[in-house]
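Think of it as A, B and C in the order they're written, each chain with its own count starting at 1.
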Amino acid sequence: MTIHAIIDVFPVLMKGINITITVFLLSAIFGYLFAIIAGLCRLSHNLVVRGITSFYVEIFRGTSLIVQLFWLYYAIPMLFNVGIDNRLMAGVLAISLNYGAYMSEIVRGSILAVDKGQTEASIALNLSPFQRMRMVIFPQALRMMLPELGNYLIQMLKATSLVSLIGMTDILYHGNILRSTDLSAAPTVYLLLLLFYFIMALPLILLTRKGEQISKKGVAR
Amino acid sequence: MNINWKWDMFFDAFPFILKGIGVTIGLTFACFLFALIFGFVWVLLRRIPIKPINWFITWIMEFIRSTPPLIQLFFIYYAWPMVPGVGASLSSFESAVLGLGIHFSTYIGEVYRSGIEGVEKGQWEASTALNFSTGQKWLKIILPQAIPPTIPMLGNYLIIMFKEVPLASTIGVVGILALADTYGTEHFRMLESYTIVAIIFLALSYPSAILINKLEKKMNRRFDKKAAIQD
Amino acid sequence: MVEAINKINRSDMKYQTTKPIVEYKNVQKSYGDVEVLKGLNLSIYPGEKVALIGPSGSGKTTIIRMLMTLEQPTAGEIIFDGKNLWHMERKGKLVPANEKHLRELRGDIGMVFQHFNLFPHMTILQNCMTAPIQVQKEDKESARKRSIEMLEKVGLGDKLDSYPNQLSGGQKQRVAMARALVMRPKIMLFDEVTSALDPELVGEVLEVIRDIAEEGDMAMVLVTHEMDFALDVADRVIFLDNGVIAEQGSPKEVLEESNNERLQQFLHRFRN
């Protein structure tokens, strides 16, 4: 593993950085979206809404992300006889549905953990159910969720490496191609890839620590 | 829209794929055992009272934890043999045990740490007052109290690792996912194959999760009671 | 019995000329098998100050929580301002109230809680301004102005931008009162508002309640353990025991002249 090799390998891997970051950002956005929707739905009074959401959460928490990814990419098109060949959609959907399911539990738990007195005070002030959630309960629950949601951000980043398995040309994909043509480059390739991921994770790690500090303030438990 | 589901393929594929369950479960427990042992190593390393070393170990753990296990697997399987001097060729199974084991040992190490930190300060002081040796302190007083509360958390990690194990199919470990790949490509029936894998995972992990949950509640009650008596 | 009724009439004299603002009609409340209220009949008149006293578990807090719509009666009716609180009419039939109906009525009811229940993520001023703006659709400037006035009135004009966790218990409770008052309720409910406070902070909170009471036109129901305060501020004191009204009348009648044995026991515990 020489400097020369690193200079050779680095630009090749960089070709995939766009895909990796795109998949990560989209997965994070949709993951949080699914988490909040599912978390709220699991608290709904409507039995059907609650049932369907629980089903979704248990299915996605009960199976592997890699299986879900393959299922969405290979099986769904077969099930409906449609030839969608959208890798980005399959990749983002798999990651966001999977982590959305895990994070919905955190959303639900945090909302339930907000002191009941907060709901009572907002009823006494005649806020509507929606206003209660939006202005009083959710902002406090969000503070409680921050550290955990931050941790899951790192998990989602790690998960983006899986999309190379359905043929997306992310950084790992380019690395694997390089390795298959020249096995002696393997140490450089994978070490660089790990460093890439670590550098991307660093701001998230620091963000999560910040979130921990914020979450300690401004919540009634 | 036509639904293209073939039950005959489903029943044909099921026994074929199920043959991989032994490898999948075996690998899970092998990884778990490795992580359980290596987790202790992290705990010990982090207790070295030299600042730079402590800092270094903390960041190594952070590095392992925040980078993808898939790439770590590739590194061990493809790159490790190429590393001059220390490198050695490992089988797919060994690579998977090492890769996933080390990855999750960083999490398990944190679990142990939380357990140890959960033991009251007074217990340390009492065992010092009774003049126990360091080894006795750990083995007789601290660990027996620190480990039991972490059992549900460890159980959760067992389930999480079970769900990560199919990653090993990418380096050639022939568990249920790899067999599903094989069957799916040969018969061009990805749908039934992957659905079977999902069903097997769900059938094993869902009841386990419920079991762990129950265990957790039971433990909480037990330790709450203990705390109440101490008050 | 007749004597008791006379007593009630005497103490209500000041208010009975008007229609009651709240009427409890045979209201019952149970939690599972536990019967907390066994058929409560009670009228409260506009501007009247009522103190509810009684041992814990006697149902006094439940009475005001049902009026605040935090808990639903098991049976019976609560009439607030001439309208049925927990039921509404639909196609000529009485059906359980929906959220819309409850929101129409509870706009005129305010409550202060034992544990303050301030919103920790909002400043003191935001705590007061939010509901007038969001619920009463008051414009921002006027809500702000009134909130500041109200906070000044409870002696916290210098804390507008503080967060609740920067305040003492007594200050928090005064904010909670300002927050409820800004809504201009017709009736205000106080749920053991001094019980969670350190003894030296009780005085400042009672002082504010006394000021509010002296302004007059708002009805007040106080669940309290402060007997001397009840004697001083209330027009009527109600002693609850085992889910029924065991004694009621003017503060002097109840706290000094009654010979109800349970009441004597109860008061004895507080007088020492």
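In this text, a contact is a pair of C-beta atoms (placed from the backbone, for glycine too) under 8 Å apart; a residue touches a chain by one contact, two chains touch by 3 or more.
Computed from a prediction, not measured in an experiment: that's the story for all the values here.
Trainee: When chain A is left out of the picture, which chains can still reach each other by chains of touches?
Mentor: Components, chain A removed in thought: B | C.
Trainee: Between which chains do we find the greatest number of C-beta pairs in contact?
Mentor: Chains joined by the most C-beta contact pairs: A-B.
Trainee: Whole-Å distance, chain B centre to chain C centre, using C-alpha means?
Mentor: A distance of 56 Å separates the two centres.
Trainee: Using CA atom averages as chain centres, what separation in Å is found between chain A and chain B?
Mentor: Centres of chain A and chain B (C-alpha means) sit 20 Å apart.
Trainee: Would you kindly tell me how far, in whole Å, the mean C-alpha position of chain C lies from that of chain A?
Mentor: Roughly 47 Å, centre to centre.
Trainee: Which residues of chain C touch chain A in the complex?
Mentor: Going through chain C, the ones touching chain A are 68-70, 99, 103, 106-107, 109-111, 113, 115-121, 130-131, 134-135, 163, 165, 176, 179-180, 183.
Trainee: Which part of chain A faces chain B closely enough to touch in the complex?
Mentor: Going by the criterion above, the answer is residues 1, 58-59, 61-68, 70-71, 74-75, 78-82, 154, 157-162, 165, 172, 175-176, 179, 183-184, 186-187, 189-191, 193-194, 197-198, 201, 204-205.
Trainee: Would you pull the chain A residues touching chain C in the complex into a rising list?
Mentor: Contact set of chain A toward chain C: 115, 117-118, 120-129, 131, 135-136, 139-140, 143, 217-220.
Trainee: Would you pull the chain B residues touching chain A in the complex into a rising list?
Mentor: Touching chain A from chain B are residues 1-5, 62-63, 65-72, 74-75, 78-80, 82-83, 163-167, 169-170, 177, 184, 189-191, 194-195, 197-198, 201-202, 205-206, 209.
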